[in-house]
Amino acid sequence: MDKVTSKKQIFELLKSVRNRKISPKNALSRLQTFPFEDFGYANLDYHREIRQGVGEIIYGQNKTPCQIKNIISNMLNNGLKNILITRISQKTADFLKKQKIDLEYYSIANLAIVKRNKKIKHTGFIIVAAAGTSDIKISEEAAITAEILGNNVKRLYDVGVAGLHRLLAHYDIIIKARVIVAVAGMEGALASVIGGLVSCPVIAVPTSIGYGSNFNGLSALLAMLNSCANGISVVNIDNGFGAGFIASRINKIGRS
Amino acid sequence: MDKVTSKKQIFELLKSVRNRKISPKNALSRLQTFPFEDFGYANLDYHREIRQGVGEIIYGQNKTPCQIKNIISNMLNNGLKNILITRISQKTADFLKKQKIDLEYYSIANLAIVKRNKKIKHTGFIIVAAAGTSDIKISEEAAITAEILGNNVKRLYDVGVAGLHRLLAHYDIIIKARVIVAVAGMEGALASVIGGLVSCPVIAVPTSIGYGSNFNGLSALLAMLNSCANGISVVNIDNGFGAGFIASRINKIGRS
Amino acid sequence: MDKVTSKKQIFELLKSVRNRKISPKNALSRLQTFPFEDFGYANLDYHREIRQGVGEIIYGQNKTPCQIKNIISNMLNNGLKNILITRISQKTADFLKKQKIDLEYYSIANLAIVKRNKKIKHTGFIIVAAAGTSDIKISEEAAITAEILGNNVKRLYDVGVAGLHRLLAHYDIIIKARVIVAVAGMEGALASVIGGLVSCPVIAVPTSIGYGSNFNGLSALLAMLNSCANGISVVNIDNGFGAGFIASRINKIGRS
Amino acid sequence: MDKVTSKKQIFELLKSVRNRKISPKNALSRLQTFPFEDFGYANLDYHREIRQGVGEIIYGQNKTPCQIKNIISNMLNNGLKNILITRISQKTADFLKKQKIDLEYYSIANLAIVKRNKKIKHTGFIIVAAAGTSDIKISEEAAITAEILGNNVKRLYDVGVAGLHRLLAHYDIIIKARVIVAVAGMEGALASVIGGLVSCPVIAVPTSIGYGSNFNGLSALLAMLNSCANGISVVNIDNGFGAGFIASRINKIGRS
Amino acid sequence: MDKVTSKKQIFELLKSVRNRKISPKNALSRLQTFPFEDFGYANLDYHREIRQGVGEIIYGQNKTPCQIKNIISNMLNNGLKNILITRISQKTADFLKKQKIDLEYYSIANLAIVKRNKKIKHTGFIIVAAAGTSDIKISEEAAITAEILGNNVKRLYDVGVAGLHRLLAHYDIIIKARVIVAVAGMEGALASVIGGLVSCPVIAVPTSIGYGSNFNGLSALLAMLNSCANGISVVNIDNGFGAGFIASRINKIGRS
Amino acid sequence: MDKVTSKKQIFELLKSVRNRKISPKNALSRLQTFPFEDFGYANLDYHREIRQGVGEIIYGQNKTPCQIKNIISNMLNNGLKNILITRISQKTADFLKKQKIDLEYYSIANLAIVKRNKKIKHTGFIIVAAAGTSDIKISEEAAITAEILGNNVKRLYDVGVAGLHRLLAHYDIIIKARVIVAVAGMEGALASVIGGLVSCPVIAVPTSIGYGSNFNGLSALLAMLNSCANGISVVNIDNGFGAGFIASRINKIGRS
Amino acid sequence: MDKVTSKKQIFELLKSVRNRKISPKNALSRLQTFPFEDFGYANLDYHREIRQGVGEIIYGQNKTPCQIKNIISNMLNNGLKNILITRISQKTADFLKKQKIDLEYYSIANLAIVKRNKKIKHTGFIIVAAAGTSDIKISEEAAITAEILGNNVKRLYDVGVAGLHRLLAHYDIIIKARVIVAVAGMEGALASVIGGLVSCPVIAVPTSIGYGSNFNGLSALLAMLNSCANGISVVNIDNGFGAGFIASRINKIGRS
Amino acid sequence: MDKVTSKKQIFELLKSVRNRKISPKNALSRLQTFPFEDFGYANLDYHREIRQGVGEIIYGQNKTPCQIKNIISNMLNNGLKNILITRISQKTADFLKKQKIDLEYYSIANLAIVKRNKKIKHTGFIIVAAAGTSDIKISEEAAITAEILGNNVKRLYDVGVAGLHRLLAHYDIIIKARVIVAVAGMEGALASVIGGLVSCPVIAVPTSIGYGSNFNGLSALLAMLNSCANGISVVNIDNGFGAGFIASRINKIGRS
């Protein structure tokens, strides 16, 4: 028996009941089997690839290579492609490749993509700005995520506020972005300074770069949450993926 | 001597030097007097009203009624209107009205607007969702801010996750929003649940509603930063204004 | 048109479609209007009074007397009784009584009950134990909550571990409880000591009683979470209501 | 001289004194030797196996293989069986097996049971729900603990709130549980959502799964303690054993 | 029937059984009625006055004047005197005096003593040293407590380390103390400096005096716990009473 | 007998012993009476006014008007003038004036100076920069402190990083300072931005201005401690006085 | 030229000046060379061994084997013996033995003693009580420290409050101690329970044993600082040495 | 086309425009290419070596040997020398030497200097004081930094407050310093004691030396921020480099 997956399908089901092609009891059964999918929102999972440019996301952290392999297999069997895997080590990527999985690995950001959809059109314009060279790892996690999701990305690295001119030298391009991801550890002031310069949304990513009273990124996190500049919102410490993902959603507003 | 405020003006200045209408020394002086405004970004402040739909924002907290009055006067003298004042008490609002300032006061959100521009066109569609009735104050701060900035806002209040059906009953409208502001205190789970239902950006606002190990909003803040749903970013505890502001910026992408 | 509120009703609806008493379009509309209530769990709210012995719970904290009055009125109009209000002041209680609301007020616990159902049968046996006299307020919140919900409650107050014999003197009765609520501030050791004596579930309630490095109840909270005794779980600081509520649920297992 | 271990034995002792079979001095000595065991509560340790379905529990963490072996030997000499060992490594388990100890090891949960009592009747119905696959380790600690203690356990894994339909698809079974253990890291919202759906007690287990401002489980812990849903109590971060233990105690109320 | 309160009494009871003056059943009943008092430690409460120089201690904080009055009355009825009340306001003290209670009030330390035993012999030599004048309130709580408990106390106030010579000027007397109470807020360095000068035990009392990152005494508390000097132990923030009490116990070792 | 207050005086004392003008016993006594003052450092207190430009400092916080009055009287009797009182209320200042004390009060900074020495020469050049108008109170505490101590002070207020051009407009003057005090609440980014622009020492003062996850100044404090710019050191939250004091010490190096 | 090390020596020096055996200049020089030692308190270091039973203490943590060796050599050259080394690994101890240093190593407590003075008379009676077997390491650090310092020590291990009878079984001996060291991790309730049973000083040692919200000993630390029992003071987490040291100082009061 | 790098050069450029040696368009282009460098502050980077005695600073932490090598090469190509590298391991230093880089390595402080300028004149007088031998590593980071920057440095190690005489023995030299760096872990009292002795600026460096409630340096950090002594400011935990750098800036005031 087929799944009931949309409003239209429920309507068809009801018509079948009316036309006595299906009994009320069987109809009830079909409605119950997928009690939540039939009102649409459950379909998100199945149609996500089409609408969002990425099939599914797998958090690699805390998962064994075998677990990851099994999840990928299930997804591929369900016809998904363009599957993004975060926080995956080189070693695990190599293991998956040996299993004949069509996978691209980005070692700098510990990201991988399975069955990359190369036809995705890149739209809009996202800037990923990083305060220091130590923040590049997380910045790349954001930038590559946004690229895989079909966005044009411009990187501005090593533009921390201790040398303000380095940031200001890019003023012309900064004000043209549709959304900016600001990545910084230590005192995280980059987000505030960028927020004061632009009129687009800024997604701030605190990193755990620092030592002592940095407390693994707490100093940058608190600074970004308390920014005196408007138009800034914040993701978790070191959450480059999350920043790239929400930047993509913002960038695509009115386009998808 | 006039201000040098744009690339074109610098070019004109240089031509004047060439044409000996102005001496190199005087030209240097004019360049130095406004060393940063001349490359454009400093003009943000003066042109902000036109581009963003709000003239200027005054943080009312920690300011005396007299300080606020003086700042408003300066702004009005500079031709600004549609000036938003946050965290302003009824008492201060009454004081300002007595000073003949054209001011609308929103007591539920402690917001005021001076010389409201009633011709602003409202565009897009922002949802402000609140978990409990105690979160309405901060939610209104977000909602009214977004409205003043020219956005259509739909409020969904008392849709906390303890009664999931209350939220799900609005599923049809939730999935139509361009951006959602999710306001919740206590454990802040509303943001994650909404984040799992939609594919638009979600701005999460933790509130200080709660007691005990809530630690004045820390529990909701941490929960929202650690959300397992994608597409969520977070503002400071009780920062309804900030959420409304960034939601407006996101909503207007591709429209302003 | 009536609400569709149960599996049976959906079945009846489907039969009506079959019998052409209702069109597929109208049936779809009825299913959609209450998309989540029709599978049962949404009915929790309406049937809760019958199953749980309390009609509904209103958190009084952060609500104005008027807000509380309106919520009560709505509930009464929906036929609810035995409505519990937590964290409500004497002043608000007096205001509600003046509004002709049939309300009993428990000043020691800041609790009130509207239209108390006096026929509720009290079952089982819950002990509420308090370490010090300063913990009585929260203990009464737990004890009265449990009583209103239809449980037999035995109070053991001032049995803190600094005078161990005071607790041990009640050993005979302690071991007979079906569930124990242990309320303590300061170092919260009462929960561990009781947990080591009994074989029934213990609900630990840290209170904010203390000073200095107590940090408003943090010391007791952490101590209770880290108890070396088995069979203890913990609610929020000062959450007497929550402890009374869960103790009631546990006590009624196999009886409701 | 035999131990005096029960009320009845004290009575016999007193009769012996009366009958001059034992001198008052010797009787006093015997009472003193075990001053606390003779009033019953000390017997908990010896009779625990019979009443609770488990002989004794050994916390494996921070103990050497030799220490664990010695404790087991003592217990076996005292006639105990069905001894549960928590947080024990594969390596230690192997060591113990080589020592001819009759031990079953559950590697996924780092649990072991010595001389498992296979005749224990499994009763009631406990659900262990886990938000993500990374939470399975702690979930299994809870589930296996509950099973060893003689409970029927149903596992629902990967039902986190980011995909709400996955949880709701199990609604029919969820509402039948006598007690639910909700295991989640990150923002820990699963406990609130389940708490809002059911009317049985919910034991929430925060896990340390997450990163950044997760602070090793603090975010989930605070969220669960501050849940807006009723009927939830919380155990320590990663304390799967504790949750399984208290769930068992609750499940067996009125049955033991 | 009389209480059985000592080893000797149990022996007498057993002899009575032997002599058939009392039946085994009655003897068992008497042993059970006071199952814990009969081995001595429960008597602490009744005999404490004699051994420790103070009848009983009442924590005034969080208690109403009526509650305090009732507790005092009970104690007086039980023949206690020299009753110490901590954290009691002038207002409550006045109320108690009006109730004809024989009470001395020490307003600087918010302490009171009921039926002061003026014959207590003062022994030993305790120094209470305070870093700043703002620490005097807590210092007096310690000093008066120690005096009421029968100790000779020498006060050294305003000897903070910012003016080291002020402390060193008292070097001759400092090295003669049997125990020193070091009271300091802010960075709490006084405890370490004193600890480095003497060879007697030092009880450190952090106070909440300070502001900003003092975090209500946390800075002094952590400093004192981490002192590089040996022979220091610490009580809770602002716990002058606790320090005076333990200093008294130390001072009386070998004398009581 | 006169005090022995310097190396020279000790030498004179020893010569007197040699010349038998004073006995060894008396000489010992004089050495012992002031055991620490005689090596110079104790004299700091008496000679401080001459060397540092301020006689003595009284922390007004937590002191009663009477206590402050007594301390002032003692100082005046010892010949001191130019006495600085911090954190003193208008009310206390009025009380002191009524006591005929020659006192100037600075209400914006809650500072007072007794017997101000108007002949102090102002030297060097200190900038006090404040991020927002709410930070002015603490900034004035720093600025007035530095002025009273004899420094030239330039104030730059409302130069927060959200409007970078406001700060950069003062670039010419900023780079001329000998030392800069940077005062900021919220995310405290001002210190980093200034630190990146100048090559003089920067003293950063976090303020408690902010709300939510600001945690009473913690966000700014951590940000300033973790600054990516060199040459910054930090004082306590809201410690304007401390910053003014150390800025003065730095400014006067090589001049006092 | 000899050191001037006591009051008597200063007197002799002054007499020599008087008798012209030494010039004032030379006398001044000798006074200055040891400006602080000459008034007695500096002699603490040299005479400590005699008075306290231990020559000197070396904190082994964070020191290289070579650094430790050099410090020991210097001490031995100065005639010290009975030198205690804390937190020293087996490996370092072996290295020192190879260097011909007369050293006893206590591996369970990571302590060593150089040139142990075996004639030290052991006095008084200290109890070291540990809650769990995992706390034994820190307990032994306390116990061995106290023994080396010349105290009689009785160990009571595995007497945690989860099995109260195990502690109460030792009641007779507990009440005879002059001072008790209570060592516990997790919730640290042992200190409170012991504190309620005895009338001698109790030194509480929180350990870092536990997991999750234990936060490396914070839970036990806060619990012990907030104990409702009187007569308890606290040392740093895992500071067994510190507890043994202060217990020794207390035990020896009136005896040294 | 040459870079425009100073006010004078801009003037020359303007004169060339006047003299028609360069067109306005080309002049604009040259101004724009380096939009921020041309007003002076950007030149800091290029001229820093001359003014500050160090060419550039490279934070070695979190950088790979290759990244460091590339940065050095760029700097050398730009003519810089005297390049300081912090937090660099022996291994990386060896790698760089193999690459023929002229590098001196200071293993105790994990610092290196490339192309050391041996002609730098050492001026002024900075004291670096360390509380314990475990603090020497961070102290050397401060001391060597200051030396490389051209300052005379005096080290005073192992002068912690537990043995006050060790510090006071250096009183004569302490009061002669122009600036003091006070390095201490544990309770960090050294900064307060030194601050009370001197009238020069004190830079306090908390270290992470300690254990338990030290919380990786938090105890010393808070203590130093809350010092009761005046004239102290604080850098991040373990930030020896930062302290040496700011001490150098202070020392050189009026000399550079």
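Observations on the structure shown:
As written, the chain order gives the labels A, B, C, D, E, F, G and H, with residue 1 at the start of each chain.
Rule of thumb we're sticking to: contacts are C-beta pairs under 8 Å (C-beta built on N, C-alpha and C of every residue); 3 or more make two chains touch, one makes a residue touch a chain.
Since we're looking at a predicted model, the values are computed, not measured.
Considering the contact criterion stated above, the chains in touch with subunit D and with subunit E alike are C, G. With centres computed as the average of Cα coordinates, no chain lies farther from subunit F than D.
Of the chain pairs listed in D-E, F-H or B-F, the one whose interface repeats that of B-C (more than half of its contact pairs identical by residue number) is B-F. Fitting subunit C to subunit E on CA positions gives a rotation angle of 90°, reported to the nearest 5. In terms of C-beta pairs in contact, the better-connected of the chain pairs F-H and F-G is F-H.
Taking the mean of the C-alpha atoms as each chain's centre, subunit C and subunit F sit 56 Å apart. Averaged C-alpha coordinates put the centre of subunit E at 51 Å from the centre of subunit H. Here the spacing of subunit A and subunit E, counted between their Cα centres, is 60 Å.
Centre-to-centre separation between subunit B and subunit H, using Cα means, comes to 40 Å. Contacts with at least two other chains are made by residues 32, 35, 39, 41, 132, 163-164, 171, 197, 212-214, 218, 221, 225-226, 230, 236-237 of subunit D. Contacts between chains, counted with the stated touch criterion, involve the pairs A-B, A-C, A-D, A-F, A-H, B-C, B-D, B-F, B-H, C-D, C-E, C-G, D-E, D-G, E-F, E-G, E-H, F-G, F-H, G-H. Listing the residues of subunit F that touch subunit B in their complex gives 132-134, 163-165, 168-169, 171-172, 209, 211-214.
Residues 131-132, 160-164, 186-189, 192-193, 195-197, 210, 212-215, 218-220, 222-230 of subunit D are the ones that touch subunit B when the two sit in their complex.
Note for the complex: subunit H touches subunit B at residues 7, 10-11, 14-15, 17-18, 20, 23-25, 27-28, 31-32, 35, 39. Contacts from subunit F toward subunit E in the complex involve residues 34-37, 41-42, 45, 59, 61-63, 67, 206, 208, 216-218, 221, 236-239.
Interface residues of subunit C facing subunit D in the complex, by the touch rule stated above, are 39-41, 44, 48, 51-52, 57, 171, 175, 178-179, 197, 199-201, 203, 221, 225-226, 230-237, 242-243, 245-246, 249-251, 253-255.
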